[in-house]
Amino acid sequence: MSNPELQFILTLACPNRPGIVAGVSTFLFQHGCNILEAQQFDDTESGRFFMRTVFNVVEGEAGLEALKTEFAAIAEGFKAAFSIRPKAEKRRVLLLASKSDHCLADLLYRWRIGEIPMDLVGIVSNHPRETYAHLDFDGIPFHHLPVTKATKLEQETEIWDVFKSSRAELAVLARYMQVLSDGLAAKLAGRCINIHHSFLPGFKGAKPYHQAHARGVKLIGATAHYVTSDLDEGPIIEQDVERISHQDSPDDLVRKGRDIERRVLARALAWHLQDRVILNGSKTVVFRD
Amino acid sequence: MSNPELQFILTLACPNRPGIVAGVSTFLFQHGCNILEAQQFDDTESGRFFMRTVFNVVEGEAGLEALKTEFAAIAEGFKAAFSIRPKAEKRRVLLLASKSDHCLADLLYRWRIGEIPMDLVGIVSNHPRETYAHLDFDGIPFHHLPVTKATKLEQETEIWDVFKSSRAELAVLARYMQVLSDGLAAKLAGRCINIHHSFLPGFKGAKPYHQAHARGVKLIGATAHYVTSDLDEGPIIEQDVERISHQDSPDDLVRKGRDIERRVLARALAWHLQDRVILNGSKTVVFRD
Amino acid sequence: MSNPELQFILTLACPNRPGIVAGVSTFLFQHGCNILEAQQFDDTESGRFFMRTVFNVVEGEAGLEALKTEFAAIAEGFKAAFSIRPKAEKRRVLLLASKSDHCLADLLYRWRIGEIPMDLVGIVSNHPRETYAHLDFDGIPFHHLPVTKATKLEQETEIWDVFKSSRAELAVLARYMQVLSDGLAAKLAGRCINIHHSFLPGFKGAKPYHQAHARGVKLIGATAHYVTSDLDEGPIIEQDVERISHQDSPDDLVRKGRDIERRVLARALAWHLQDRVILNGSKTVVFRD
Amino acid sequence: MSNPELQFILTLACPNRPGIVAGVSTFLFQHGCNILEAQQFDDTESGRFFMRTVFNVVEGEAGLEALKTEFAAIAEGFKAAFSIRPKAEKRRVLLLASKSDHCLADLLYRWRIGEIPMDLVGIVSNHPRETYAHLDFDGIPFHHLPVTKATKLEQETEIWDVFKSSRAELAVLARYMQVLSDGLAAKLAGRCINIHHSFLPGFKGAKPYHQAHARGVKLIGATAHYVTSDLDEGPIIEQDVERISHQDSPDDLVRKGRDIERRVLARALAWHLQDRVILNGSKTVVFRD
């Protein structure tokens, strides 16, 4: 087993043309690297090519900065956007929650046991700390940012300040029940994951379980997606469903939905943190684990 | 094992009030019947009560007509709509199909091996018999009823004539790709099941797999529902989904969707024929097997 | 909506014969009760009949003890074992855990938010309290009962003492990794639920995820069952699975399995507490919600 | 969209070492080929590396034989077993069936509509042609090879003769209910797919649905695997499950299982024919579509 400290994740997106895989893999081979995982996708519709590679350095001293600098030349030839980073490096994540804390509690648990490695740099809620009296935040800074219609602008400015000052790289709306304004959504574009409690595009907007009950669907679902200014229209990362029946009241759907929401959000977050999700216009390429 | 020839299915829907189960079960007991299966649902929202019972006659000679007549008095007391019919009695079913024949072929197969007992009284298509050259219709009358915008009224009149003259009790749109007019939909209300190739209410209307591909969903589905004049809005009977990925083209979705469509339609049809589906306003009560 | 304080759950198991439903429902009607839910199962193999009914008292003053006493006469006529208890009454539950605390943390969370109503009367572990430093036990007595091969008898005696002295009605092995002796298993018969981390009967015994990896299965699962002296052979209450692939290492299976285990155990526990599970020889009748 | 006539599938398995991807992709680039799909798997346990690539020839005249000859030198350097073949080339497949023909009918349907491209070179059954009176074999040679204990050796010799003389590349046991002898299993090693009607390793051997019913499992499944002389122990290609309940009789399981069996077998067959399945000891690497 190779030293995880010396493993790197390379992702790349560019217009498709022959020779990309050869170029990348030859570069890695020549720099003493061994490919451990590789996934690629050739989108014949958009003509774009997407690649994710995990490699380790088996020979020599190829440092991260040197690798990046030298790879930039290859990437430029392919007009490629790319990223190379240590697999063991933890991303800085800000969690936002409201009264229902099942996703928050679940993510904290997965973080604590090391299932989802990340640096939790803050928890924001429009509810006070005592709402989560039974949750051990373990020293993670908590920010109580209450909000009313009149104070939404100020509150979102505070959220943005927390995001910046904590040097967060990702915001996770863990059942945060306030709709982000276009302005904040734009600032967080590609850096903010939401969990919507329906199988989108069905039941957008408020009270999706009540909508699902009213329509009489036979399965309910949840959708994790990147937040955009267009509500519930952001690129979908992951979805899942469970079977229900005519016997289920809206409250039953809320209860059964919690299990779906938390596993869908946890998967989406983990994949984002492992560079398994690449934006492709209004859609995503997801190299699942 | 009791004689299936002497098994009956009773369904009942009425305003809820105490004593319904006692009334029905005491009636059956006093008429020498034994309850084999029973399901009920008390809809606390609408205040309506739904019941399905399978029973057999263990003593005496309780004939179907006598049972019905005598039960009518009970039912009247509860302001109940009810049905009693022999479990072994086959319903008369008319199938409608278009060019894609995967649902048609599947239903024919299930009918042939006795999995879905029914009397197939006709097959209607807007395509000619040779479209299905490889399918053995086994003597079931085939009606080629081509249609254009200009002839839709006449064609639907012919469909209705076939339905009536074959004494069909149910029409199944087995990927019949013509939208029924409001007029025909109204005539077939509660007697016509359609399979829509999306997980409704997502992706109504035409080319749902292309819509699903464009939106980038991570699961695709199919929905069997009763046809109403409001397109793709009829009461849902059954739904199911399968996981897809960014790699799947619209053609891949069409291919993967066929498996979902045929099993969803087959289940909905079987349940309808077994009196497991009861309309509840714009929704259904489904006593699954 | 009826007053939940006045709702009762009746379960009944007896040899099948005509008139049971009529007898029970007439009894309830005559005692001013209204049936809210009813499920029944007629096992044609064993000739046994199973029933679960939720009812409320809409007229008069039918107290629980009076109802039980009077119903006993009906039950005796059917040679039926039965139970009537208030739906709102919480059962007393003892949790047992080992080092992996995902099921423990999950059940505590569901209990705290009221999703699984129960009285948690104790938590037993063979690991010390600090193993669960981040979990808020909220005053539930914790019993550290370490165990070695040499002290197993004594430790199990202590477990049994805790069970008795806390007046627990159910023990839940929430990934408690010690095999219960035949003696303790016998004492807890029908009152002890275990979660096994495989889709039984595949991969009994130790390290099921490693077995699954070695066999190369394409789905992994978990099984909640009543504990019997025959290891991993007890009556199954609930099972579920997730898809895996050749890429998944045993560690990946352990990680993915945690999600399956916790939801399977939570469902089984909730159903047991709602009297939805009735033993039928070496199998269960489960009236799912 | 590239010309499918000029698309090729390359698969490769070898001991892992740095430079394989670089070697292969550079070879393809230098021969005027563009990679359309690529999947790889680095088995850290066995130290083996597996790769599947779909590419097309965008420049020049690289013929198949020339490509193979030149690639052989690369492959030798990596001690790799490899295959290159035209994606559009159909494999020659022999189907074997017994009385239950749901898998046979299903595969014939998928073949007819072009969903599973293959050359069906024969159908073998131990039952006569009239068993499948309603199935259109469309000119595929049918071989009625009845079998008794006494004639098993002769019958298997005939099967082998049919396999050879039809130049079949794959045998598919589409619910063929005779256990192959070790001798025939050995001859067909890696070239014979079976569908077993249980979720292996649970319920090996005869009557798995009856075993499942007796054990009281809550999900049933099916398993497609390569046939080996060790019954029901061959490398698993695909599995799937469906939920059942205490209400389901063994006959219900048989009925519900048919749907699982046919979709699991169809997927396994399609993936085999697309070179998506590579043997890895007693397991498989499956690059799913």
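Just so it is clear, A, B, C and D label the chains in written order, and each chain counts residues from 1 on its own.
Heads up, the rule we're going with is that a residue touches a chain if its C-beta (ideal position, glycine included) is under 8 Å from a C-beta of that chain, and two chains touch if they have at least 3 such contacts.
As the structure is a computational prediction, the values presented were derived from the model and not from experiment.
The minimum number of touch steps separating chain A from chain D is 1.
Most remote from chain A, judged by the distance between CA-atom centroids, is B. Chain C maps onto chain D through a rotation of 180 degrees [Cα fit, steps of 5, range 0 to 180].
Two copies of one chain, chain A and chain C, form a contact in which over half of the residue numbers belong to both partners. In whole angstrom, the spacing between the mean C-alpha positions of chain C and chain D is 42. Averaged C-alpha coordinates put the centre of chain B at 37 Å from the centre of chain C.
Annotation for chain C: residues touching 2 or more other chains are 37, 44, 247. Only residues 1, 16-22, 25-26, 28-30, 32-40, 42, 44, 58, 243 of chain A touch chain D when the two sit together in their complex. Interface of chain D with chain C (complex): residues 41, 43-45, 199-203, 215-219, 221, 235-241, 245-247, 249, 280, 282-286, 288. Interface residues of chain C facing chain A in the complex, by the touch rule stated above, are 37, 102, 105, 109, 112-113, 115, 134-136, 138, 247, 252, 255, 258-259, 263, 289.
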